[in-house]
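Each of the next two complexes has chain A plus one more chain, namely chain B in the first and chain C in the second.
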Partner chain A sequence: MTFLDVAELRVGFPTRIGWTHPVDGVSLRIGRGETLALVGASGSGKSLTALAIMGLLPRPGRILSGSIRLNGEDLAVAPERRLREVRGRSIGMVFQDPLASLNPVRTIGDQLVETLRAHDTMGAGEAWREAARLLEAVGLPDAAARLHAWPHQLSGGQRQRALIAIALAGRPGLLIADEPTSALDVTIQAEILDLLDQLRRDQGLAMLLITHDLAVAATQADRVAVMQAGQIVESGSVHEVLRHPAHRYTAALLEAVPHLPRGLP
Partner chain B sequence: MTAPLLAVDRLVCAYRGRDGSTVHAVNDVSLTVQAGETLALVGESGSGKSTLARAVVGLLRPVAGTIRFDGLDLSAIARRELRSLRRRFQIVFQDPFASLNPRLTAGETVGEGLEIHAIGTSGTRAERVAALFSEVGIDPARRADYPHTFSGGERQRLALARALAVDPELLVLDEPVSALDVMVRAEILELLARLQRSRGLACLFIAHDLATVARVAQRIAVMYAGRIVETGPATAILTAPAHPYTMALRSAVPSINAAERPERIILRGASPGPTAVASGCGFATRCWWPERAARCDAERPELRPVGDRAVACHFSRES
Partner chain C sequence: MTGSLARALRVALRSQGGRTGAALLALLALAAVIGPWFLPDPSSIPETLAGPLGPVAAHPFGTDQLGRDVLSRTVSGARISLTVGVFAVAVAMTLGTLVGLVAGYAGGLLDAVLMRLVDAALAIPRLFILLLLVLVWDRIPLPVLILVIGATGWFSTSRLVRGEVLRLRGEPFILAAEALGASPMRIIGHHLLPNVAGPVIVAATLGLGDVILLEAGLSFLGLGVQPPTASWGGMILDARPIVATAPWAALFPGLAIMVTVLAANLVGEALQSALDPRTA
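Right, the complex of A and B next:
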């Protein structure tokens, strides 16, 4: 069943010489329990597509046409008040830089509890218990003690786990992960990708994974959409697109992935 | 075998922590780079690899050990001599947005080294700068442009041209492509491989993953918590890593082809970082090998030859 259905989305920014369209007629669909990887170079419009879905386009950009149906509701025409409800409640987000996304002067627990209580009529005690449970669910060691930790006391991988916990606090149906591992060490990257995959399976999340790395897409996604200059130039099952890239740009992206000599079993 | 161009011997680098404690970022590290060869130094953040790079180019004074360039001990020679020696090794940093002076034009940036080392006349310098632009694939017509008008990949090309201006024999590359997109990354690696061939350059290439260095390195040294845990020929390390940490690094490389994808090894816990353990193996806290034993906590494994490489693990054996 389609959970997110974006059709012919067009985002415009006014310039001195008229409108530019960094997102230009993008269509994509994600079902529950499915991961779609949106792949492209920096500047291709993949992050702006995500921001448009969440209603967080930077000014003076705006949606010019198209629809963003989330569970049937068109977010492209929804008022800001409704979008605020949707963010966190129906859509969770994880960004690239976990240090920049956390408030440095509030503990991890404070930030989790704030998010939990923003979306639910939940007592403080219950919220703190739920916060501890969430941190445990994202695999933070010694979760209960971590509630009182400050962001700077956590490693990069732990911060990303904490952010994922915050993203999941409102029990969203769609998780948007924008380059969630690009700022992390490779071994930590593998851990976080594994965690995201496990959460998708366990909670039946629809996942939009944004990455510039086709190899990451290959290991994580069911389907892939390749974006270039604001448009999706190719999409399909990971298997199909990577095996037989139909578009020149996809082939070039594939070419850029380093091939390592094969390892021993 | 000829004498190495760069020989680092039992190097120790330390920082004073805020609480007065001493943090050993690089601990007893030895390595060599032959003329014309690329050695990749791979490790996660906090493993000490950038500290080592800074020590090698003289930006940081080591606590113990020696760094020899072409047989000359960098800590023992006079300041003036060091200055002329510096022309022979250059460094390129990770962030091309931070490493270029925003108030110098691209041409001034690339030509600065020529002036500092008084190479050529102003006329021949201009020619030389233009040639360097072409060599790294940037239109010499853009000499008068400022860094902000260049993309990340183009800036890294400028940083390379700047480093190459004084005709160095050794380039120290500190994560030169980590800040770049996959496609731009491939282009820069291609350029590096080409320059290495055409100029016979030796490189110390620092990276945090094995995928990046596969195209450029002849040898690989893997660093963990301030020490080298495995070193040997690149192909051997990429195809059959022998240290449990190298195996985890290798398994973390995402691959397009499912058949090429080894089982992902997930390391538990966090890196001890530079606050290295006093005794025992630095990797013991995250080691996933069934062989792991009490000995690993008590006795530090020395780097010892295992087949075609050296490994610092009590339990590594020839495969």
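Right, the complex of A and C next:
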């Protein structure tokens, strides 16, 4: 069952010499409980695709054509009012830099409770209990105490766990994770990816995983779409795309992955 | 209050200047609040006119040419000056923060129009605007004086806040909040406001000294607080004819102005360096 269906999406930015199209005819489908990895180099249009889905394109960019169907509803033509309900409620998003993505002057609990209460009519006491439960669900040790912690008091991995809890507070059906582990230590990366995968399975989330790291895509995703210069040049199952790349660009990306030199002790 | 702000306050109070300034301001406020219970009526004129008396035990600061006690007039002037200062600064900071937040977050045409208006307002000297507004009233009521001073003092604050908002708008946590469905009002109130509170508080403390000087200046010109209410500027105005023979009548209110402005600036500077990550 397709949950997110993006068809022929085209994003334009006006420049002095006419429009540029950093996202140029992108089509994607993700079903419930499925992970699609969107891979590509920096500037290939991955993040802008995600922001277009959220209706959060930076000014003066806008969607020129195409459709973004979420559960049948076309978000590309939805009014801002409706998009505000969709954000956080139907789509959750996790960003690359966990420290910068948390408001530095508000506690973790404050930010979590705010999101909970923005989407549901929930009493303060109930919201704080739910917040503690959510932090526990993302594996933050000593969750109840962490509610009163400031962002700078947590480690990178703990912050990303808190952000995942915040992103899932509105019980969205789609989670967009934009380079969720790129700013983390390698050892923490695997933990966060495991957590995302477990949450996807438990909650039947549709997941759009944006990454430049083919290893991440290979281990996490059911299907892969490769993006270059605003277009999807190749897509299919992980096995098809990464084992037998049909497109030159995919092959080039695969070759760019560094290998440990032979003969290393 | 937010944690980083409380931390900055603690750091500011640990510095020598911050502590001195805060202690002086607290002392002034205390004197202004409880002074009138212990001191003679500031506007009472003795039946037998003795002329200005030098400082003696009964009148530590002396008396003015009408025989009024300079100490109790100075203390009662502190009431006026601190009231005008605190409330006018509150008015100015509220207006400046509001305009800055809206202009910075909305951007586009609204931002351009608001900031051009601020540019225009900043190009006119504040004293001229104030003189013009104050001249409309023959005897200006205190609340109006406060509003007028506050309404002409928010321009640079709005610029400061707008600049902070423009910087914050690029921060991922604002985008993250938008991605959670936060409305513009929520972004402004819950995410931008707490982050601009620090610079605004610094601007407010530094602005307090300016406002007290301004009020003293207006009262000295006879346009601010009206007699017989004692105000520091007004006292210096009254003491003009006797300044050579009874300098204490002008000296003590003048000292009071200087000490208050100095104290406010000491606190403001300590807060500023406490909030600056390079020195804190």
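FYI, the second predicted complex is superposed on the first by the 258 of 265 C-alpha atoms of A that agree within 3 Å, B and C clash if a C-alpha of one lies under 4 Å from a C-alpha of the other, contacts with A are read in each partner's own complex, and residues count from 1 in each chain.
Throughout what follows, a contact is a pair of C-beta atoms (placed from the backbone, for glycine too) under 8 Å apart; a residue touches a chain by one contact, two chains touch by 3 or more.
On a predicted model such as this, the values are computed, not experimentally measured, just so you know.
Superposition of the two structures on chain A leaves chain B and chain C fitting side by side, clash-free.
With both structures placed on the common chain, the touch criterion links A:Glu255 to chain B but leaves chain C unconnected.
Of the two partner chains, chain B is the only one that A:Ala218 touches; chain C does not reach it. Once chain A of one complex is fitted onto chain A of the other, the partner contacts of A:His244 are absent, as it touches neither chain B nor chain C. Touch criterion met: A:Gly157 reaches chain B, while chain C stays clear of it. With chain A as the common frame, chain A serves as the apex of an angle whose CA-centre rays point to chain B and chain C; its value is 80 degrees, to a multiple of 10. Contact with chain C, but none with chain B, is seen for A:Met54 once the two complexes are overlaid on the shared chain. Of the two partner chains placed by superposition, only chain C is touched by A:Met93; chain B is not. Between chain B and chain C in the chain A overlay, the least Cα distance found is 10 Å. Judged by the document's definition of touching, no chain A residue lies at the interface with chain B and also at the interface with chain C. Interface residues of chain A, counted against chain B in their complex, comprise 41-42, 141, 155-158, 185-191, 194, 212-216, 218-219, 242, 252-265.
Residues 44-45, 152, 181-186, 189, 208-212, 214-215, 235, 238-241, 248-258, 260-262, 264-267, 269-271, 319 of chain B are the ones that touch chain A when the two sit in their complex. Residue ranges of chain A in contact with chain C, taken from their complex: 54, 56, 59, 84-89, 91-93, 95-97, 100-107, 114-115, 118-119, 150, 163, 166-167, 169-170. Looking at the complex, you find that chain C touches chain A at residues 2-5, 107, 171-173, 175-183, 186, 190-191, 194-195, 197.
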